[in-house]
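Okay, so subunit A shows up in both of these, paired with subunit B first and subunit C after.
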Partner chain A sequence: MRYRYLFLVSLAAATTLAALASGCGAAGKPTAEGTPGSSSWTQPRTAWGDPDLQGVWRYESAIAFERPADLKGRDLLTDEEVAQKEKQEQEQQANRLSGLEGAAVGRRSIAESPIRGNEYNSFWQDHGRPRRIVKQTSLIVDPPDGLLPYTPDARKAEARSAARYGVGPYESYLDPDTGERCLTDGVTALMWQGPNGGHNMIVQSPGYVTILHEEYRDRRIIPVDGRPHGNIRQWLGDAVGRWEADSLVVDTTNFLDRTNYEWASIWTRPTETLHLVERFTRVSADTIEYKITVEDPATFSRPWTASIPITRLADDTRIYEYACHEGNQAMPNLLSGGRADAAKRRASSK
Partner chain B sequence: MRIQLIGLSAALGVLMTIAAPVAAHHAFAAEFDANRPIKLKGTVTKMEWINPHTWIHIDVKRPNGTVERWAIEGGPPNALFRRGFNRDSLPTGIEIVIEGFQAKDGSRKGNGRDVTFADGRRLFLGSSGTGAPVDGRDPADKRR
Partner chain C sequence: MRMGLGSAAVVIAAAAVAALLWLRSPPVSGQTDPYQAPRTADGRPDLNGVWQAVNTAHYDLQAHPARPALALVPAPPRTDVPGLNRATPVELPAQAVRALGAAGGVPAGEGVVEGNDIPYQPWAAAQKKENGEHWLERDPEIKCFMPGVPRATYMPYPFQILQGVDKILIAYEFAGTSRTIHMNTVDNNPTATWMGLSRGSWDGETLVVDVTDFNDQTWFDRAGNFHSDALHVVERYTRVSPYHLMYEATIDDPKVFTRPWKIQMPLYRRSEPGKQILEYKCTEFVEQLMYGHQGVVDPATGQVNR
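Then we have the complex of A and B:
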């Protein structure tokens, strides 16, 4: 994921990003028990009395991760601004469905695009429904400026990572980033990102909540029976859950230190000092307010919190396999591209 | 409509600063060469449904009569399927036009930016019944 890119982009670029976001649901009817936000809605519960979070969920909103510079000092948009953005989103979606391309769907031309990722050919992606427009100006709600509180060293690491992404060196399979290696794009973004859709299925049973993330086939089986943390370090850490009122709180520690790997975005990398707290609160039939608080002195000068609305998809939505190594042609292509670049450099230095 | 939208975009200014997570599973610039645009008209020999990206294999007949085999990277299979794309969407033998960019190493691999059928219909949408123009491309979306 290239989040750092997001707050650097120009206005025009941001327009395009809007069209590319992962806000795309499987087609289908709205689900559920009552109308979102209506007073008739009551918290659904499992047979054993826990709040029922089950279903397939996906991030479908259009909110910047970090607050864009032109919204500095503002945590909310006005009603008028929301209405204008909604209009634009609807128009782009209508244009997309009627076969238009380019600026009409918020896509940049190849000449304008830096082509760092897949942004130049969004037509492959699953755009699904128009994204939800909300007042929130950034997913990060704390610190109040909406920006990641990197330590000076982490900021340097982020700059280094940004400079080498897509550029290399690509001398070995260790050089591409963890996503390109089919490992993971990072635990902190598991619930709400994913180039291929970011679909997540939540299944509950007495004493357990299980989350199956389609992307990278990550799955987390989270005990909610009061047990303490274990002492095994893992990529996804050691998660234990508890219910606080109607919120599921998942507390994760014991991450592996993989800071020697290449991370496309430094804020997603786990370290041994990472402490992640996630809060899942179902606030309507089709919305979970998903909050993450990240504390990690190895990367951040203070804890930060992001509030991310995730949307329940139709009852019949399925998630599928994501056998990333099956055909990860990116790896040989990156390495052969690196050789081609090196040959070019040698030729030009002669 | 498109021109109107561009005007609207300019007018909206700051409001258009929507930045949502953008996925980049792999870095385009490391694999493909933006200075090597390709436009290939070819016959589908195989649609490979593999993760994390599909690959479309085509035979391209050159003016001198020889046939070149090309492999073009497509979208992720799960995303394509959710969009209604299935095993019948690109049957073997059908003629398509692919625009994209060639692999940096010069091999006959590319990244597919646009795919149309020989009659101009776009890969996912088609024009019949949707009211869309056959060529729905935006003038701002210039190629080199």
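Then we have the complex of A and C:
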């Protein structure tokens, strides 16, 4: 097993990073219930008969969210391309190990960083091992071109947001994005994104599936007892679940409008017209096929669907406390920096 | 009409029986109550549900009289009335909270501490008093920080117990805080935490939760009761009726107290059909308070407007 050796090498980095970032609870041991694709696998069930989705889960693959331009018109990679990407991924993982200190760290973009895999913010994303390479060319499977169907206005908002992120200006505490303000990055990408790699713990009790997302300690207590939607708008909306065969289907509406805030990515930004349908299907001991369909005429010209493989981590994996707001030194520092910049501008304009 | 000796005896006997029944009737704790909780699929007492404390422990764990506000200033004396000192009989609300009027008042409470005494070391008793006097600047609740344990239990917000087998979640409404109670073996936290590390076990009808690995940032109430990072809490959750849990917490901290001490209170089931824990994302509510003093930069001039 090629990954086993790399896992051992990576463990040292994962341990180091656990002190830096709270999200590195991962280990590469197989889970108790067997290996993926084993033919003897049967859908595990809770004591009351629902499919059992419990455990700590994380998105472990390296699939582009939107289809890259060079893969236009193609759903799948060739075997050669997969091998090439695996090689690249392993190199990047090794680079993450080598560059935890020194001048090479902290460059803002891949283009500026001399060590690929080690650019600005990459340590937040460290998995402790190479990500899985699969043939799927984009997480977005519909529309068929694999691209977000933004409305023209939303595309402008996205360009504005991308230009501001990590740059500013920081005129007020409202200028950092919702993540930097320790609020949330939005429910749309909860299951597969997040600065620490998106650890999610699922716990089931009769009538409820609860997802505890490590980042921002976002929490969804999803009733699966047939109740209708409520009428209270919330940041994470109002979720109701149901079982369809062995899939958990979660329907979420009633989002709060916080479009007047800065969002790192406009596609995760909820509006009052957002309607999410998520489908969790456990397809093997350690894989959930997670499908999300996003419908929001305020942002998208048509619904889009992403299909995301989510991996179950070892039984002893824990998620940790995320005291973001409690320790948000970045906020006063950003604001002081913004004021120092303003003072310089005033001085130079005199 | 005269009562015969015999009928008097019957009345007295009846009164004695009634008195005995009355003495026995209030279910004061899990130990004296024979109530058996319904069972989960794996045979454990079923603690699932939305629960809430209904008391004044969030103001002050100890017995306290009513007062006009949490933040007080001395009332100015009136010395211009010969023969009278007509100062207002109570201290006045501090300027910052005066506009709240009666909505900012503190209701009296009997307290939830066994024996009503919190056994502070002398330095810590002085610290507690000072904390209370600087409530507005120091109470982590005001900044929407995670409330810690046991404070999260008796804040005036509901919480939900979601009972899995290996993990039991407690989902608090305040600040969207969650706790995982590990029913299986786990290592200690790599660092100190606001909500601690919770390890659970069953003692008959009771869920016992041993909580360690705390930081020293949380308080026990709005009165300034506090602890250090050596805090160790042992909680006991026992169903005592279809609608009540009895909650008990033994609090130990050798850096702050001279001995362990205990609080106890009933928790009430929120019985509204479909009752859910809603969002209380208060980070958004306190940004102006915490960062507003930095003002807003005018992009045209670079001036900072406060």
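Everything below uses one rule, namely that the second predicted complex is superposed on the first by the 283 of 350 C-alpha atoms of A that agree within 3 Å, B and C clash if a C-alpha of one lies under 4 Å from a C-alpha of the other, contacts with A are read in each partner's own complex, and residues count from 1 in each chain.
Definition applied: contacts are C-beta pairs under 8 Å (C-beta built on N, C-alpha and C of every residue); 3 or more make two chains touch, one makes a residue touch a chain.
Everything numeric here is computed off the predicted structure, so don't read it as measured data.
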Touching partner for A:333 - first (subunit B), second (subunit C), both, neither: first
First (subunit B), second (subunit C), both or neither touched by A:43: neither
Subunit B versus subunit C as contact partner of A:68, first or second or both or neither: first
Subunit B versus subunit C as contact partner of A:321, first or second or both or neither: both
Subunit B versus subunit C as contact partner of A:271, first or second or both or neither: neither
Partner, of subunit C and subunit B, that touches more residues belonging to subunit A: B
Which of subunit B and subunit C A:183 touches, first, second, both or neither: second
Touching partner for A:305 - first (subunit B), second (subunit C), both, neither: neither
Those residues of subunit A which subunit B touches in one complex and subunit C touches in the other: 18, 170, 182, 320-321, 323, 326, 336, 338-339
Of subunit A, residues touching subunit C in the complex: 18-19, 46-48, 54, 169-174, 181-184, 201, 203-206, 208, 210, 212, 217-219, 221, 223, 227, 230, 232, 234-236, 316, 318-321, 323, 325-326, 331-332, 335-336, 338-339, 342-343, 345-346, 349
List of subunit C residues in touch with subunit A within their complex: 40-42, 48, 144-146, 160, 162-169, 171, 176-178, 180, 182, 186, 189-191, 193-195, 217, 274, 276-279, 281, 283-284, 287-288, 290-292, 294-299, 301-304
Subunit A - residues contacting subunit B, complex: 1-3, 5-7, 9, 11, 14-15, 17-18, 20-24, 26-27, 59, 61-65, 68, 70-71, 77, 81, 84-85, 88, 91-92, 95, 97-104, 107, 109-111, 115-121, 123-128, 131, 165-168, 170, 176-177, 179-180, 182, 189, 192-199, 214, 264, 320-324, 326-330, 333-334, 336-341
Subunit A-facing residues of subunit B, complex: 1-2, 5-6, 8-9, 12-32, 34, 37, 48, 50-53, 55, 73-84, 100, 103-107, 109, 111-114, 122-127, 130-133, 136-144
